[in-house]
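For reference, the structure discussed in these notes is given below.
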Amino acid sequence: MRSVSYIEDMQQWRSEFSFYIPVNIRFSETDMFGHVNNVSAFIYFEEARVEFLKEAGFFDSGEKNESIPIVADLQCDYHKQIYFDEKLKLYVKVNQIGTTSFDIHYLGVNKDSELCLTGRGRMVNLDAESGKPVPMSEKMKAKLSV
Amino acid sequence: MRSVSYIEDMQQWRSEFSFYIPVNIRFSETDMFGHVNNVSAFIYFEEARVEFLKEAGFFDSGEKNESIPIVADLQCDYHKQIYFDEKLKLYVKVNQIGTTSFDIHYLGVNKDSELCLTGRGRMVNLDAESGKPVPMSEKMKAKLSV
Amino acid sequence: MRSVSYIEDMQQWRSEFSFYIPVNIRFSETDMFGHVNNVSAFIYFEEARVEFLKEAGFFDSGEKNESIPIVADLQCDYHKQIYFDEKLKLYVKVNQIGTTSFDIHYLGVNKDSELCLTGRGRMVNLDAESGKPVPMSEKMKAKLSV
Amino acid sequence: MRSVSYIEDMQQWRSEFSFYIPVNIRFSETDMFGHVNNVSAFIYFEEARVEFLKEAGFFDSGEKNESIPIVADLQCDYHKQIYFDEKLKLYVKVNQIGTTSFDIHYLGVNKDSELCLTGRGRMVNLDAESGKPVPMSEKMKAKLSV
């Protein structure tokens, strides 16, 4: 297995995920090499992240007007080709919570639980007006810690 | 040549286009059949339409706050497969101007001027506040008639 | 309700659909107007069509090597704006079966069963080697007629 | 300026790029936050990478049948929001060449040469038949070193 900078112990790392969304690979997400285009992985990451934040109550009214979490960086490692008509499980977890930002990790496995995609990315909490990073409220942090 | 409902005389129809954008087919726009995915045609149509309306001064300040042209329908006929690394010319013209809407026609040809894509779609001029169709100003119509 | 060329009696037309896929609107499918980009409708159409043809046994082995159904044209009417986080039902039906081609109709409704998208498009059965239209087998037609 | 793991000295790093493609931000690449969706960055990266490899003669006949460079990982840092109708320059360079793989770096700047996107990703040279990593030929390495 290829070593990935953001994963120390793969077995441990995988065991920490529980939230996931099912992903049905679309025909338009393949490319002429016959498998899923590498760009599509980030579409799946975003869909999973948004669903996760929704579940965590991040888009509930009240919170959203003051600050908004924005993607600061993203990365993906491609471990195994994915083909049209495969069903993926795309897992998401919060890996680390800072003052103004937090890290999200991603794991995509096929129906045989084989590793297809891993990834991570930092979200920064921006003030909706100034666009500058602001500390997350305790309430926000609590939501992410569940 | 296949007959298309919105084209009466193909030669005449083609001769009425002059504005175009160059389209460089991206790898991510192909699919596992090895050619450009059918969804991509509508990406090219939108890019060409937006450039055309920009050129016509449609996004100049002053105009945009009152009403906004929205896509009401779209259609595309696929005449010839398009492959990765091809260069297309995507032509756009205004075909018919009504009171609250206008029709845009699309033509995509390859480097040998062969017909690859034809299409059309209606734009409706909506009031920015109410979201209801409103008559286009004479100024808007003038811009479209050039 | 806007009149659409391929729908004679809307109530009758809607009643003829039964197969559908659920569509979860992705964040990346919206645009800066705040709603679903018009290109995304064709992504949903494709996903629904492919699932439909799969269910109909069209991608079962044996059949696929000889001929392949290709999109000849596509059209979509946008009846109602769709927003991020909405759930759509995207219905598909075969509307008409010819010798070498068939028509697929599309219907997208929101959770209140309101009409959001309607569409249609012709599929042509191409010989996998020559790339020329060939008659569909009785077996193919039977699959589409269910 | 935010620190990025793959950039030691930003000024030095920027000075090493020369190849770029112009990117015209498409309307369909924005999202409801009003700026370019984070997924779109990877579309631009791919387009720039493919053009770069083409220029380097990587898709010339003869070479392609034996081995093929595949994306092993990708990452992007978002330094500044990008908006519809902006023109980007997307720069690409080879950063490091190994035995069976090489690293590509990416830089996206706006018309004022402000840093918008930086990124990197490893390409692995796979044997076209076995799908296993194979050493790159001296010819391939020479192409990448220019």
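Order of writing sets the chain letters: A, B, C and D. Residues in each chain are counted from 1.
The rule is short, and it goes like this: a residue touches a chain if its C-beta (ideal position, glycine included) is under 8 Å from a C-beta of that chain, and two chains touch if they have at least 3 such contacts.
In this text the structure is predicted, and so the values were computed from the model without any measurement.
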### Query
What chain is the most remote from subunit D, judged by the mean position of CA atoms in each chain?
C
### Query
If you tally the C-beta contacts, which comes out ahead, A-D or A-C?
A-D
### Query
Once you find the CA centre of subunit A and the CA centre of subunit B, what distance in Å lies between them?
36
### Task
Let me have the rounded angstrom distance from the C-alpha centre of subunit A over to the C-alpha centre of subunit D, please.
22
#### Entry: Approximate Å spacing (C-alpha centroids) for the pair subunit A, subunit C
30
#### Entry: subunit C, residues touching no fewer than two other chains
27-28, 37, 39, 43, 46
### Query
Which residues of subunit B touch subunit A in their complex?
27-28, 30-35, 37, 39, 84
### Query
What residues of subunit C sit close enough to touch subunit A in their complex?
24, 26-28, 43, 46-47, 50, 54, 59, 85
#### Entry: Sites on subunit C touched by subunit B in the complex
2, 4, 37-39, 42-43, 46, 70-78
